[in-house]
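This is the structure I want to talk about, given as C-alpha cells.
Residue numbering begins at 1 within each chain, and the chains themselves are lettered A, B, C and D in the order written.
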Amino acid sequence: MSKIAFIGLGNMGGPMAVNLVKSNHDVTGFDLSKEAMLSFERAGGKTATTAIEACDGADVVVTMLPSGKHVAGLITAEFIDNLKPGTLIIESSTIDPTTARSVALLAEAHDCLMVDAPVSGGTVGAQNATLTFIVGGADQALERARPYLNCMGKNIFHAGPSGAGQMTKICNNLLLSILMIGTSEALNLGVANGLDPKVLSEIMQKSSGRNWALEIYNPYPGVMDGTPASREYVGGFAVDLMAKDLGLAIEAGLQTHTTTPLGSTAFDLYKMWSEAGSGRLDFSSIIRFLNQKELQLS
Amino acid sequence: MSKIAFIGLGNMGGPMAVNLVKSNHDVTGFDLSKEAMLSFERAGGKTATTAIEACDGADVVVTMLPSGKHVAGLITAEFIDNLKPGTLIIESSTIDPTTARSVALLAEAHDCLMVDAPVSGGTVGAQNATLTFIVGGADQALERARPYLNCMGKNIFHAGPSGAGQMTKICNNLLLSILMIGTSEALNLGVANGLDPKVLSEIMQKSSGRNWALEIYNPYPGVMDGTPASREYVGGFAVDLMAKDLGLAIEAGLQTHTTTPLGSTAFDLYKMWSEAGSGRLDFSSIIRFLNQKELQLS
Amino acid sequence: MSKIAFIGLGNMGGPMAVNLVKSNHDVTGFDLSKEAMLSFERAGGKTATTAIEACDGADVVVTMLPSGKHVAGLITAEFIDNLKPGTLIIESSTIDPTTARSVALLAEAHDCLMVDAPVSGGTVGAQNATLTFIVGGADQALERARPYLNCMGKNIFHAGPSGAGQMTKICNNLLLSILMIGTSEALNLGVANGLDPKVLSEIMQKSSGRNWALEIYNPYPGVMDGTPASREYVGGFAVDLMAKDLGLAIEAGLQTHTTTPLGSTAFDLYKMWSEAGSGRLDFSSIIRFLNQKELQLS
Amino acid sequence: MSKIAFIGLGNMGGPMAVNLVKSNHDVTGFDLSKEAMLSFERAGGKTATTAIEACDGADVVVTMLPSGKHVAGLITAEFIDNLKPGTLIIESSTIDPTTARSVALLAEAHDCLMVDAPVSGGTVGAQNATLTFIVGGADQALERARPYLNCMGKNIFHAGPSGAGQMTKICNNLLLSILMIGTSEALNLGVANGLDPKVLSEIMQKSSGRNWALEIYNPYPGVMDGTPASREYVGGFAVDLMAKDLGLAIEAGLQTHTTTPLGSTAFDLYKMWSEAGSGRLDFSSIIRFLNQKELQLS
C-alpha cells in the first residue's frame, strides 16, 4: 500500500483515482470542483483543501489536468520542494511534449522522478481500469510507476524518454484523425456511386484499406453495432478533444518544420465541425460534415 | 477445359494468361506488342493477329488494358456481335465505373455476360496466381467467372452489380493513399520530435492508428524488412498508378458531388511527386516528398 | 436590324434578350418556362413554340442555358441544318470548354459561325447591359458578334480560339474563389488577433495583398457599404454557381493533369458550405463558414 | 539631429542605418558580424563593441533582427534600464505579435516608448529608402518615430496598438502567398488548356481575378518584364522568408483557433518547395513547384 496524491478528479481522473483506492492504496485527492471532491469521498477516497496538502507525505503523485498550462502551473519548483525526495510523479494529462520534458527536468533537479503517461481509452476505460498508458521517461521511473498504472489500465507502452509518451500519443491521434476522415471519404464516395456501405467496408477491411476505423469504429451509420455511428454519434471521443490533440500535433510540426498536409486539413475540418456546433459529438461524426445532404441526424 | 481469348498481355495480363494456360485452358492471346505475343507463345500460349480473331469461338474473353478508352474502343457492339451468344467477358482493367457499366450493358444487349473484375496484388500476384479480384456484376455472371478467376487469383470479392468492382477498387485505393500519407506524416512528425520510428510504429499499430501500412508496408526506411522502403522504393505499386487511381476517384467525386478533401490533397501530392521525377517509385515513397531534408536516397 | 433567335430566357437570358429588343432588333425568344416566355412578350419580344421555330430565318442565334448538357442537347447537327447558312451562334452559357469546342466545330462544318461568349456581371449586369463577355472564336466571328454583344454588355475580351472564352472564365473564377477565401482568412486571422477589419483591409489593399475582393467586395461585415457582406450575403454571385464553376475548373485540371491545390480546397469548401444550406448566399459568405463562432447572421 | 543606436546591420538593417546617417543623424551601429560593422563604418557610420555600448546616450534605438528570440534576448529589462528615460525603440524585425507586445510592455514599464514597425519592400526598398512600415503602437509613439521612419521609407501605415504592426504584416503576407499560388494555379490551368498566359493575365487583371501578383509580379515566365519570373526567380522575396512568415501566421491561428485552410496549404507548399532546394528563389517560383513538367529552369 502506497500513499498517493491524485490531483484532478474530473471525468477521467475521478474514476482513475477510485481504481487506486480499490487496489487498497491510501489516496488523497484534490480538485477545484467541490462536486468532484464529494464524489471521490463517496467512493471511499480522502480529500485535501489544497493540492500541496494532498501531496503531504505522498510516495506517488498522479496528475490529470486539462492542459499544459495547468500542469506547468501546478508542478513548479516550489511544489516539488514540498514533496519527499524520491517521490514519483505520474503525469497523465495530454499536453505538449515540451512542457512534459521541462516539468520532468524540474522534478529530477529536485530529486523526484517523473513519467509522462497520457492515456487512451476514454471514460469507459477509466472506469473499468482498461486504459492504455503511453509512457515517456527512464526505465527506472517506468518500473516504479508500473504497479500503479496496472491498477488503472490494461496496456502500458514505453515510448522513450521524457516527453515521448506525449509525443507518441499526439502522433497516434494525428494518424487516427486521418484514418477516420479517409475512411469517411471512401465510404461516402462509394455510397454516392451506388455501393453498399457494409459490403464496401468488408472488402476494404480485407484489402489494403484496412484500418482501425473499419475494424471497430465504422463511421457510417448502420454498418456496425455498438459504435457512436449507431447512436447518432453521442458519447465516444469528442470532436473538441480531437481538435485539441490535432492542435498539439500542428504545434509540434511548427517547431520542427515538419510538413503534415493531411494533418493540417484534418485540423481545419475538426475545428470547423466544432464551430458548427458539433464539438461534443464523437469524432467519427466528421463523416456527416463531409456529407451533410445524406447523413442528417434523425 | 474452356476456349479463352485473352486481350492485353502486358506486365499483368501476360502472367495472368499464362496461369490460365497452366490450368489447361485453351488460351489465345492478343497484344499490340510483338514482344508480349512472343513471350506468351514461349510460355505455351497461342496467339492471333487481331483481337477479333483471338475471340473466334471463345467461351470466355478476358481483357486487361491500360484505360477506359482502350476498353471502350475494343468492346464495341461490332466486337460483341462477333462473339458466340452467351460468351462471358471478364474485364480486369482498372477503369472508371461509368465505362464499365456501359460496356456491360452493351454485352448484355448482345446476349453476352460481363463482369468487371479489377485486381490488386501487382505483378507478383499476377505471376503467383495470388491476385485479389473485386468483382462487379450479376451473381450468375460471377459464378461463371469464378473458376477462371480461381486460376489467376486467391481472393474473390463480390462488390455489387456492374461497375461495383471498379468503384470498390477506386474507394479502396483512395483510402490506401490517405493511410499511406497519414502514416508517413505521423512517422515524420514523431522522428522530428525525437521518437524512434520502430517503437512509434509498434505502439500505433497496437493503438487506434492501426492500419495496413503500419502492418505490412511501413514507409519509413529501416523499420520493416522486405518493403519498398527497405530497398529505396524500387518495385511495388508505382506513384503513377496511384495517381491514375486517384484521378478516377476525383472524377467519381465530381460526378456525384462528393467531398473528399484528404483525397484531393493526396491526389495533388502524388501528381507533384510524379512530376518531380518519382513516378516509377513505389507509392510509399511519398514519405520522402514530405521530408526531403532527412530522407534522401543514398 | 437583325433577326435574332434567343434560346433561354431565364434570370440572365431574359434581360439580355430584352436589351436586344431595345436596340431595335427583331428578337424571337424561346424558353421551356411559360412564365419566362410571357415575361419576354410583355417586354416587347416575340416568342415561338419550339427552339427550332424561334430560329426560323434568324441571322443570329443567342443561347443562354444552364449547362453543357443543355447546350449539346440543343445545338445538334439537325438543329444547325435548320439554320440559314452563315448564321452566327453566340453561345453565352457557362459550360466546359470541350463541349464549347465540339459544338463550334459542328457549327462550322454546317457553314455557320460560333463564338463562346460566357458573361460576368450577374443579373444586374444583364439588366443594365453592363455585362462583360469573354469570347472564344475566330476574329471574324467575334467581329460579327460584337455589335450584338455591345447591346447587352460593356466589356468584350477576346480570349483566343473556340473554347477559350469558357476556359478563361473558368480560370478567372478559380482565381476569384481563392482570392475571396484568402482575403477571408487574412481578415479572420487579423480580427481574432485584435486588429480592426477596416484598418487591416485598407493597409492590405495598399500593399501586396491587394485584390479585387478588398477593392470592391470586402467579405467582412461592416467594412464596406453596398456589398453582399453588408446585407447578410443576400444577392450577388451564389455559392452554388461558384461551386459549379469550380467543378468545371477541377474537371479541366483532371483532363490536363494540372495541379491546383488551393483550387481543390476552395471547391471542397464551397461544396460543404452549400450542403450546409448556404447555396443561395453570395459567395463572399464563405468567410462565415470559416468563422462560425464570430460571424453569426443576426 | 538625433543620437541613434542601430542593432542589426544585415541585408536590411545595414542600408536602413546608412539612410539614417545620410539624413545627418548620429548613428552608432552594432552587429555580431565584423564584416557588417566594417561595411557600415565605410558608409560613414560609427560602431560599438556591444549592443549596450551602442545604445549609450541614444535618443532612439532601432532593431532589425532575424527572429522573435533574438528580439526578446536583446530587449530585456536590464537592457532597457541602461537606456535614457523616454528613449524611443523602433523594433523593425518581423516577429510574432506576442513577443512584440511583451517587449513593448517591458519598455513602457521602464519609461521608454516602443513601436513595432516591420517593413516590406525588400533590400531594394531598404537601399532606396522606399520601404513601407506597418506600425503598431500608441499614436504618440508613432509620431515620435515618424521622422526617422521617413528617412528609411516612403509609406507608413498605422495598424493599431502594440503588436498590430507585426500582426498586420503577417495577415498581408498570408494573403500574398495565397494570391501568388492562386494566380499560379489559374495560369497553369489556362496554359495547359491552350490559353496564352499573357492574354489570360490581361483579362483576369481587368476582371474579378485582379490582384497584386497579376498587376506587377506575374509568376509565369515571359509574361512580364522585370519580375523574378523573367530572370529564373533569382532575387526578390525568398521562399524561405515566405515560409517563415507563414509559420507566424499558422502560430497566430493556433493561438486564436482561427481556421485558415488555404493558408495551411500554402505553408505546406512553401516548406516542401524550400526542402526541395528552392529556398532562396523568389516566392513566385512556387508556380514551378506546381508545374514541374512544363516550367523547367533552362
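FYI, a residue touches a chain if its C-beta (ideal position, glycine included) is under 8 Å from a C-beta of that chain, and two chains touch if they have at least 3 such contacts.
Computed from a predicted model, the values in this text were never measured in an experiment.
J.: Once you count every C-beta pair in contact for both, which comes out on top, A-B or A-D?
T.: A-B
J.: Compared with chain D, which chain's mean CA position is the farthest off?
T.: B
J.: I'd like to verify one number: the distance from the centre of chain B to the centre of chain D, where each centre is the average of its C-alpha atoms, in whole angstrom.
T.: Whole-Å distance between the two chain centres: 50.
J.: List the centre-to-centre spacing of chain A and chain D in whole Å, with centres computed as mean CA coordinates.
T.: Between these chains, centre-to-centre, one finds 40 Å.
J.: When you check chain D against every other chain, which residues touch at least two of them?
T.: Touching at least two other chains: 257, 259-261, 265, 272, 275, 290-291.
J.: Help me check something: in the complex, which residues belonging to chain C touch chain B?
T.: The contact residues of chain C facing chain B are 247, 250-251, 254, 257, 259-261, 264-265, 267-268, 271-272, 275.
J.: Within their complex, state which residues of chain D touch chain B.
T.: 265, 272, 275-277, 289-293
J.: Can you list the chain D residues touching chain C in their complex?
T.: The contact residues of chain D facing chain C are 97, 120, 132, 134, 155, 157-161, 163-164, 167-168, 170-176, 178-179, 181-183, 185-190, 192-196, 199-200, 202-204, 206-212, 215, 217, 249, 252-253, 255-263, 265-266, 269, 290-291.
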